[in-house]
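The structures considered in this document are given below.
Here chain A shows up in two complexes: once beside chain B, once beside chain C.
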Partner chain A sequence: MGSMKATIERATLLKSLGHVQSVVERRNTIPILSNVLIEAHADGSIKLMATDLDLQVVETIAAQVETPGTITVSAHLLFEIARKLKEGSQVLLSAADSKMLVQSGQSRFNLPTLPRDDFPVIAEGDLGTNFELPAQTLVQIIDRTKFAISTEETRYYLNGIFLHVADDDSAGPVLKAAATDGHRLARVTVPRPDGAEGMPDVIVPRKCVAELRKLLDESDGNVEVSLSASKIRFTLGHAILTSKLIDGTFPDYNRVIPTGNDKLLKIDPKAFMEGVDRVATIASEKTRAVKMAVDHGKVTLSVTSPENGTASEEVPGEYTSDSIEIGFNARYLLDILAQIEGDTVELHLADAAAPTLIREGDKNPALYVLMPMRV
Partner chain B sequence: MAESDSPDPPTPAPQRKIIHVDMDAFFASVEQRDDPSLRGKPVAVGGSKARGVVAAASYEARKFGVRSAMPSVTALRKCPELIFVRGRFDAYREVSAQIRAIFADYADEVEPLSLDEAYLDVTSDKAGVGTATAIAEAIRARIKAETQLTASAGVSYCKFIAKMASDQNKPDGICVIPPHRGAAFVASLPIGRFHGVGPKTAARMNALGIFTGADLVAKDLVFLAQHFGSSAEWYWRISRGIDDRSVKSNRIRKSWGTERTFDSDLTTREELSEALDRIIAINWDGSSARGVRGRTIVLKVKYADFRTITRSHSLPHPVPDRATFAATAHGLLAALLPVEKGVRLLGVTLAGLVHDETADDPAASSEPRLPLLFDDEAEPNAASMAI
Partner chain C sequence: MTWLGHEAAEQAFLDAWNGGRMHHAWLLAGPKGLGKAAFALRAARFLLAQGSAAADAEDRTATTLEGFDDSAASHLIDAGAHPEFKRLERLENEKTGSLARSISVDQVRAASALLTSTTSISRYRTIIVDSADDLEAAGANALLKSLEEPPANTIFFLVSHNSGRLLPTIRSRCRLLNFRAIGDDVMASWLRETMPDAGADAIASLTALAGGAPARALRFRDSDLASVWRDLERLGEQGDADLSITTRLSQSLSLKGANESYEAFLELAPTLLSRAARAADGRGAALLVDRWREASRIASSAIATSPDKALTVFELCRLLTHRSDMAALSNQFAAG
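Presenting the complex of A and B:
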């Protein structure tokens, strides 16, 4: 059994364990999967690594390493301990004889360990496609699409963000990210980064998306993306996230993006969103249906609930077509409006039963499609 | 990895009887049924345009190698005679409501996987038919009689094997795998046919020398975990014919049904109409009080000789009021009049529900959906653990 000795700042350890431990599943049939691998190197760095066999994170932090070595201990335990240690303290980790001692100030913890040899590492294989994306672009891609990812397990191939490259007639080569749960669709289109040409279509699982998004909060500059048809790796500064991809075929989503919706409503997204949110207060928890009566110059939002009465609100909007009544799930509508940053949002409507296109404008990289509800 | 990490050895559970029913080339068969000129011809449901995809292919088309999810261009190259027809989802949903009504007669535990396939737990033999095999045959016969379409069935002791078995003697076939043959049956299957093994996983398994269930069972759990991550335990189990998953019914309410058996058989138009009115009233009061709204109305009639038929009609929108509900149900009944035999049972079901009071998951609810064509609707190959 290996020995190891290193001292780390509590704040550094805590932050890093925060990333690592959220990959670890709470319930594990295979004990080693509850553990974090701690690898202390002579060059004064420590690697922390965790996996759920589908997703793996490796983070490198600075430490004073006295004895290089490797050990694994319970990720959640070590995280909880680090969390409760005094602010500004130093933490000494020393492993020997199948135990790891954690010392900080007057506190001592002696934790059971498992040998590193049992720790599973995701075999990356050959990641043939490599490109870089600015962290901010990746943040946009994720934030604008992830709310639409399905949680329905039977359609497992919708449980992630679909990434593919395409040649757009107007925009040239692009990288597109799409997510849908069958009721709404979100898509972001960005210029194709160098190196992404010819990449396989991939579906990045939602857990990977969620972990990546957390890491991006503390990252700027570029993120290196490497992928094959079955694996994807994101390298951000000191963290490397590797995930298996969803083995399935994403449906041809282009067919549901309306191209001929000729009724255009332009409206202030903030006023619209607040109005929807207000009238939805009385909508029943399950249906959450809000009706929009769109007329020249205004939209009348209304909700009728058998239990809670009625609500309505008028919001000014730019509209010149024939008046139309259409209903939406308030939550879905709010999810989309929350993504709009400009001061105008466009709703391209056809009729009360047809998919509606929502976007900031045709120059904006994001677009959304929402299926109406019958009200 | 230590020995204790392996899943527990199989424990002898009370023996279950599971049937997997799967309609044959569903969308395409419905099209051939409704348009005689398509019968015997290679038919694909889907768009023929450059970007179109085959959603379903008739058996005639499959002979040419046309498969669902195949780009239409490729399909046309393989079969220049191929006839493309547009999908009519309302028609498919209507048949789906019919077959689900049939399933409900034989099992309380019914888990639909998509419009045209479902698992049934028939351990309790609700209808008193006798054996699981006889139940499967009865269901297939009724589907054929009531929808003029054929279905295949797999009968076994767990979902995985029942599902694999329903594919074994397609079309219009049945395959029964008793417990003692479970492991051998799985061993004989090519890995690509395993439910839950997608094309990419199959290719990876092939690269590791795994081509059949027998190859898979030869690999230990540590090896599987290295290569297939969290799916390892699942593969380990199914390769041994172990699948304890239960048939999960009522995950979402799919329909709202009311039926009544009469003390003495009804024969006249007036008696039947009056009885139907009472059933409609009970159904509508119950469903509307709970906010259940649906688009499809199913009428069920059981004759004195126990022959049961269902007729259904789907509206383009949820049934708006009691009058529409009643008029539609009476219309379905009128088409069956006059009855030659007495009627011992009448039932009305509201199906194709749009609002679901039990659905927490918006994606699982029956709110209107974007018109996406899913592979698993095209040719059902649903739930997978393969990521």
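Presenting the complex of A and C:
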């Protein structure tokens, strides 16, 4: 059984444990997976690692290392202890004889440990593709697409964000991120970063996306992305997130992005969103259907519910084509409108049965497709 | 430890591996106690150690499945923490400690999640179903779906003690590895080797108890079945006019702490009847076969539906009574 001895600042320990323990499943039947791996190195650094078998987070922090070594203890317990220790204190971690002593000031804890060999570590081997993305770009990619990720387990290949590179006629080489649940699609296109050329298409699982997003909250600058056909790794300063990928084929989503929708509605996204939200109040929980009657200069939103009566609202908009009536799931429409930051949103319509293209303009990296509903 | 009776299966598996013709699903079929699940685990240890990040090369000239117990992958398998390994078996109830009646469809679905994500530590995903006989109907269908369209580098091991009862569609997806009961001579000499301190009587009774299954011999080795065994012998030879033996057995075996002996008894009862039936012929044999069938039914439904233990033991004892008389009787009939 390994021995180890190191002293860490309480605040540093707490923050890092906060990061790694969030991947630990709360209800865990496998003891080792409740644990955090603590690896103290002679160079004065400590690695904290946690995993749920699909993804792993490693955080490297500075420490005074007296005896290098590796041990695992309950992530949740150590986090709770660190949380309750005095602010500004130093924490001594000392492992020997299958116990780990946590000592700070007058407090002493003796925690049970499990051997390091039982802890699954995804090797930090070479991943073929390496590139950097600004943290802000990754935030944008995630925030603009993740709402469209499918949660349907039978269509597991839709349970993540699809990342792939392509050569766009107009924009040159690009990196695209797409998510869909079959009812709506979200896609973000950014210039292809150096090093991403020739990368395999990958589907990044929803849980990895969520963990990455949390880590991005605390990071700026660049994120290093490394990937192969079976793994992806994000390096954000002190934290490294490594994840399995979804083993499946993402459908050819380009087929559903309409290119010939010639009826263009330009509208204030805020007013539009508020209107949809208001009339949807009486929509039935099941369908959430809202009807849009688009005419010159205005959109009339309406809902007719057998149980709850009717509602309608007129929102001014720029529109010059033939009038059209089309229905959408209010929830899906609101999800998309919530992504729009500018003053105008474009809805490219064709007919009541055809997918509608929604975007801020052709310069904006994000694009959305929404399937209509029969109303 | 030597693996009695595994030689042919091991060779077939290694031939497939070395030849690069690895089938994605293997059905390990044969009576209980021959080490089918142990074989599956050995094969899993072998597979998960191949092409892992540490040792990137795959050994295609392997001559044995042994030697992987201490591999990095095996540590993770034993800790239940290998990301590419799942074992499906009846779950233990945390409160009562008893086993669930079947392997649920939820368990199968949870294991299938392994198939929809890429691998991270080992190259092969390995799923052991121990046993496929325990799958509830919906679970069997869910498994069938995975067997029909398995992703690359995925190997299933299905343990079955009664493979004739499996869905034919599951059977047909699997390559069959037959495990056969070990003959009494081979068993006895193996037991002498494994337990050098055991006396000749002990070896003989263990051989009888094993009924061709090494695991059964090993299981009975430590449990205190000596008195049960003596009672059953008497039951068979002298009968039990005042029901004293039957009563004693139903009381002692239905105690809370006697679960292991009880389960052993459930296996033992049909075995003893089938031995008696084989020793007999004519009308006695037919009667004993009927009794054996009844005992098997009671024993297997005792596991599936857990009725009152004392009553189950009582019923089985009644069936076991006078079995040697019946065997003898039938011989007289045959002679007359």
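Just so we're on the same page, the second predicted complex is superposed on the first by the 353 of 375 C-alpha atoms of A that agree within 3 Å, B and C clash if a C-alpha of one lies under 4 Å from a C-alpha of the other, contacts with A are read in each partner's own complex, and residues count from 1 in each chain.
Quick note on the criterion: contacts are C-beta pairs under 8 Å (C-beta built on N, C-alpha and C of every residue); 3 or more make two chains touch, one makes a residue touch a chain.
Quick caveat: nothing in here was measured; it's all calculated off a predicted structure.
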- request: Look at where chain B and chain C land on chain A after superposing the complexes, then choose clash or fit.
  value: clash
Message: If we overlay the two complexes on their shared chain A, which of chain B and chain C does A:Asp54 touch? Say first, second, both or neither.
response: both
- prompt: Now for A:Ile30: first (chain B), second (chain C), both, or neither, which partner does it touch?
  reply: both
- request: Please work out whether A:Val256 is in contact with chain B alone, chain C alone, both, or neither, and reply first, second, both or neither.
  value: first
- request: Considering only the touch criterion stated at the top, classify A:Lys244 as touching first (chain B), second (chain C), both, or neither.
  value: both
Message: Quick check for you: in the superposed arrangement, does A:Phe119 touch first (chain B), second (chain C), both or neither?
response: second
Message: Output check: A:Pro205 vs chain B and chain C. Expected answer is one of first, second, both, neither. What do you get?
response: both
- prompt: Touching A:Lys231, do we find chain B (first), chain C (second), both, or neither?
  reply: second
- request: Determine, under the contact definition given at the top, whether A:Asn308 touches first (chain B), second (chain C), both, or neither.
  value: neither
- request: Return first, second, both or neither, reflecting whether A:Tyr156 touches chain B, chain C, both chains, or no partner chain.
  value: both
Message: Going by the clash criterion at the top, which of the stretches 241-249, 295-303, 349-357 or 367-375 from chain B hits chain C after superposition?
response: 241-249
Statement: chain A positions within both the chain B interface and the chain C interface are 29-32, 53-54, 118, 120, 122-123, 153, 156-157, 159, 205, 229-230, 244-248
- prompt: Residues of chain C touching chain A in their complex?
  reply: 53-54, 72, 75-76, 78-83, 109, 113, 115-121, 151
Chain A contact footprint on chain B (complex, rising order): 1-2, 5, 7, 47, 51, 53, 69, 113, 198-201, 204, 225-227, 229-230, 232-233, 291, 316-318, 354-357, 359, 361-364, 367-376, 382-387
Task: Flag every residue of chain A that touches chain C in the complex, lowest number first.
output: 29-33, 53-54, 114-115, 117-123, 125, 153, 156-157, 159, 205, 229-231, 242, 244-248
Field: chain B-facing residues of chain A, complex
entry: 29-32, 52-54, 118, 120, 122-123, 150-159, 180-185, 205, 229-230, 244-249, 251-256, 284, 286-287, 306, 329, 331-332, 353, 355, 369, 371-374
